[in-house]
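What follows are several structures.
Heads up, the next two complexes both have chain A, just with different partners, chain B and then chain C.
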Partner chain A sequence: MPSTVQTSKGAAQGRPEGGGFTDRFSMRTKRLFWVWTFLALPVLFYSVIRFYPTIDAFRLSLTDWNLMNKPKFIGFENYAKLFSDPKFWQVFRNTFAYLILGTPISLLISFTVAFALDRIRFGHSFIRALYFLPFLTTAAAMAWVWRWFYQPAPIGVINDLLSSFGLMQQPFLRSTSQALPSIMVTAIWAGLGFQIIIFMAGLRAIPSTFYEAARIDGLGEWAILKKITLPLLKPTTIFLVVMSSIGFLRIFDQVYNMTTNDPGGPLGSTKPLVLMIYQSAFSSYQMGYAAAQTVVLFLILLAISLLQLWILRDKK
Partner chain B sequence: MTDTDRQEALSRYRIKIQPGRILIWTLLFIGGIVMITPLLFMFSTSLKPASDVYDLRLIPAHPTLSNYVAVLTSTGFVRWFFNSMLVAVSVTCSNVFFDSLVGYTLAKFRFRGRRFIFLAILSTLMIPTEMLVIPWYLMSANFGWLDTYWGIMFPGMMTGFGTFLMRQFFEGVPDDFMEAARVDGMNEFVIWWKIAMPLVAPALSALAIFTFLGNWTAFFWPLIVTTSSELYTLPVGLSSFAVEAAIQWEMIMTGAALATIPTLLVFLLFQRYIVRGVMLAGVKG
Partner chain C sequence: MASITLEKLVKRYDKVEAVHGIDLEIADGEFVVLVGPSGCGKSTTLRMIAGLEEISGGELRIGDEIVNERAPKQRNIAMVFQNYAIYPHMTVRENIGFGLYTSSLSKDEKNARIEETGRILGLTDYLDRRPAALSGGQRQRVAIGRAMVRNPSAFLFDEPLSNLDAQLRAQMRIEIKKLHQDLKTTTVYVTHDQIEAMTMADRIVVMKDGYILQTGTPVDLYENPADVFTARFIGTPSMNMIPMAALAGKAGLPDHDPDILVGVRPHDLIVNAPKEGAILTISGQVEACEPLGPETMVHMRVDGEPVIATLPGNVAPPVGSIVECSVETGKLYLFDAKTEKGLGRK
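Presenting the complex of A and B:
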């Protein structure tokens, strides 16, 4: 930050001189002084708390380190180990299962609700509140409520309901095939409110003249939805697809709290990447190995963000 | 309330009651009830004595507040609640101050390095927290920040999202306001605080809501950085408490309810602002 020093010195030099020209000059340096006063602490913060750790994560990912020994540079060995670890590939599949199932289902539901809610006037804000409330809850707390819902019959609400209709009991969190979707439902439930609100904002932004023109042309409701609403909603939809994808790729709170007796279980069938990172770093203290996993997560998220930019650019 | 009034006024001339609409309304209503079912059961069970937990009626047969008394007196809940509040409020204040200060500087001043700093801050949005937790953890261990309030708070004191959001809004503020104040001889800090800040109040409230909610519900980093029960935030404390309570579901539901009540209260009081804030942040951000 040498510029901070320079500009403040400049302001000090500019002040004693008078005259129209130097007055304007000192105005400028004075303003520069303020700029760097405002930015000094933030520049320090971003350098130390954001950029240095980012570089450090890359560096650590190339070392072998368990906090006890001295970090040893091992090149790309952590990555080689990771990619040859079948447990990693299971985690990778799980993480994308959350994303590939969760994103389309939650967007389909939230669009349908937003589309319908947009036409409702009576009790509009009351109904909107019902859908929005779960968004304000704490994931760690609600994970336990859902965990209780998924318990076997006399305890669990869902199985109780099933048995009262004479339907089969379901194992939910105890089954390797049902546990992941069960946790995913919790995450979808918590995120719907946000998506509905954003979809409604997008729907409101479409000028009503578009619809009026379409009606004059004799288009039916279905055609209007397909030809006007959905295309004009594309930026909103892409935004939500990206937000939701990132959310599912980073899922942790729900999984951690719903499977505390065997984190990521049963048999690792629900374990997402962030939980693997947490366990590598803070249960087995393989800092270098965990750092390599975080870099992989970063690259996946980066790819998705770039994809979004590319799709949006394509549209312009 | 004026929101609904307006909508009802609109409905009078635009829409006649049709059977299709009643069907849509009913379906939406049922869906909404399904959405809050977990919350209803949570509150209902928290008011039941242990012997009634398996009775799944929504209205408790023998309502009691004894679970709340037990959770509040025999666990660290009061402390965790205080910790969460302290952390969330401090981080929110810091973000409202610094994000808008930086956003304002980037929007309203011309200086060398402006574009670079803007892009640098914007680029932090691409870096997931999960990648930074290991270096943060090591940093905290070196500086003695593990298991301290500062340790929980420091990563979020400023955010790229907030800075970007505030810059967007300050760009829309005409320069004339600031120029007039400059002619009056106000210094730049006072101009920002007294003139510019009130003009972006809706954005500030959106930023505050998002930051508070994010920190109130934060789990991953507080779980890593805190080790003693006295320093747990509410979500971390609740998680450890639930593991210990094992199958005492009425106790766990009471804890979950206690974690949920504050945000629900705030929402009921400020529903319009919160919904508008989410729209603002979502659309601009």
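Presenting the complex of A and C:
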């Protein structure tokens, strides 16, 4: 109804009017007054705490600010330095390794669990709670527990188990090749609960008659999954792909806490972009350089999200 | 095409028995409607025939074969659901074609079948649309198309018209009936709407609390209801039930047994009708009138009992006035007040 949209000027239809504080104003004016009264605080808060610093980061990325001096405009020097830094490209590769392996693996596992969990009644809530528990736990605490898991035998549980089966002990966090996957496992595990809950909600939203009709039409389990469940879960999947990708691109807590002696180590093999930004800003105090890195991260996040939405869009 | 036979069919959920050993024979090509209030076991019975519910006891035969343990797809039946169960992510063509998913036909043959089905149901122009772009009636036609395209041995309908508005429902009723006359496929149709049952069925099965109360043609059920429930369920407005005691001393009534309920259809109880040939004449105070156009339903109270009568034409008597109405001989239904079983007509 374009006409009502036009007259309400941004106030939603059918909301309470907020009482007649004076009869001098029209209903619409009163409604707008109340709406903006309530919106003022969050709008102000977000502007000062969120939007201003975000936009200011773009300005800072073009300066040489180091907390001490006044920021001086240096053009794209920070970006040039960043792109010629081999450490940045290593971090770039690491970040995409988290993304490209982490997102599909975590979605595959969470879908499988949700699909199975959707079909059982016995202990359903309990099992669901177990899967959700890691999501409620502090990332730092979890990271330290996992760090202990990965220790050499007899302290680390995993190596203990391996050696009790007569298998070779693994270096895990102390190896340049195993450290990144080891950290990724904990990140996947931590996000699983959330993804399972969302997938289950998506599965529950599919009417059971869809499955019954398919069974009567003679489809097997696999065909039902492929032809009905997965296509109908697409909106849920898009949401989770985007959320999970953003999560992996911004990974920090797990890496920082599991490699505290040498954050992002060994030899930078686990360092993601956010950790590099953190170090540039708060270890080296190169605020301008760090700002340039955040701008790069922002552009990557934007590009990946838009790309995913475009790939997974509804084809008409 | 095939006959369907239910023998002592039982459905139990844990300790609760929902369907208590019902017997029913559905002939090849017959249109049978299971009708009853919600919770009477009609949908459960249909779902047992479809293979969507396990059968707890008894025997189900399609054709000559016992199919108790057969998966739905092996029974070669097709089902239409109340919420259509057509897939929003597929076009009409793909939805109808879904019925042929397991068929061994070639692609061209399948396409020809889909086109033909679309033509019969008047969906030709919509074949490449998504269900979201269709009206409720069209969606239900797509669901019927998916069922038809396979040439199943029986159609099962589970309250297919309940989600449609009144006008569309009337239209689809006729469409489904015509379709059955053309295809002559055995059909089992579940509804809680007695009008659907009356208008569509070759035979109506009235169910209540997991039992079959009465089976018969629509006219048979209307004319000779076996008990109070069927008498009141079939026909609208419902049959008036007046205890014989309330009619004591009324002219023309043959006996005055207090254990008898007297049933009169509102359409047989005519206000201001001539009293010659009437078996019963009663008077009551008018409480409300519903003018319907060709006739007016008069709600009144006779000895404290609510009674609905018909007044031909449009002139409603004023509320509060006393009117007299009478019933012709042969239009009274007598029931035993205790067992609620029918005792014949007077």
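As a convention for this text, the second predicted complex is superposed on the first by the 273 of 316 C-alpha atoms of A that agree within 3 Å, B and C clash if a C-alpha of one lies under 4 Å from a C-alpha of the other, contacts with A are read in each partner's own complex, and residues count from 1 in each chain.
By our rule, a residue touches a chain if its C-beta (ideal position, glycine included) is under 8 Å from a C-beta of that chain, and two chains touch if they have at least 3 such contacts.
Since the structure is predicted, the reported quantities are computational estimates derived from the model, not experimental observations.
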item: Superposed partners chain B and chain C on chain A - clash or fit; value: fit
item: First (chain B), second (chain C), both or neither touched by A:86; value: neither
item: Which of chain B and chain C A:75 touches, first, second, both or neither; value: neither
item: Partner chain in contact with A:43 - chain B first, chain C second, else both or neither; value: first
item: First, second, both or neither for A:166, with chain B first and chain C second; value: neither
item: First (chain B), second (chain C), both or neither touched by A:197; value: first
item: Residue contacts on chain A - larger count, chain B or chain C; value: B
item: Contacts of A:301 with chain B and chain C, given as first, second, both or neither; value: first
item: First, second, both or neither for A:232, with chain B first and chain C second; value: second
item: First (chain B), second (chain C), both or neither touched by A:212; value: second
item: Minimal inter-chain CA distance - chain C and chain B, angstrom; value: 5
item: Residues of chain A contacting chain B in one complex and chain C in the other; value: none
item: Residue numbers on chain B that touch chain A, as the complex places them; value: 3-4, 7-8, 10-11, 15, 21, 24-25, 27-29, 31-33, 35-36, 38-39, 41-42, 45, 53-54, 56, 98, 101-102, 104-105, 109, 111-113, 117, 120-121, 124, 126-128, 130-139, 154-155, 157-158, 160, 163, 187-189, 192, 213, 216-217, 219-220, 223-224, 234-236, 238-239, 242-243, 247, 249, 252-253, 255-256, 259-260, 263-264, 266-267, 271-272, 275, 278-279, 282-283
item: List of chain C residues in touch with chain A within their complex; value: 50-52, 71-73, 77-79, 81-83, 85, 87-89, 98-99, 101-102, 146, 150
item: Residue ranges of chain A touching chain C (in the complex, touch as defined); value: 207, 209-210, 212-219, 223, 227-228, 231-232, 234
item: Residues on chain A engaged by chain B in the complex (per definition of touch); value: 3, 31-32, 34-35, 37-39, 41-43, 45-46, 49-54, 56-57, 60, 113, 116-117, 119-125, 127-134, 136-142, 144-146, 148-149, 154-155, 157, 160, 189, 192-194, 197-198, 200-202, 205, 239, 250, 252-253, 256-257, 260, 274, 277-278, 281-282, 287, 290-291, 294-295, 297-298, 301-302, 305
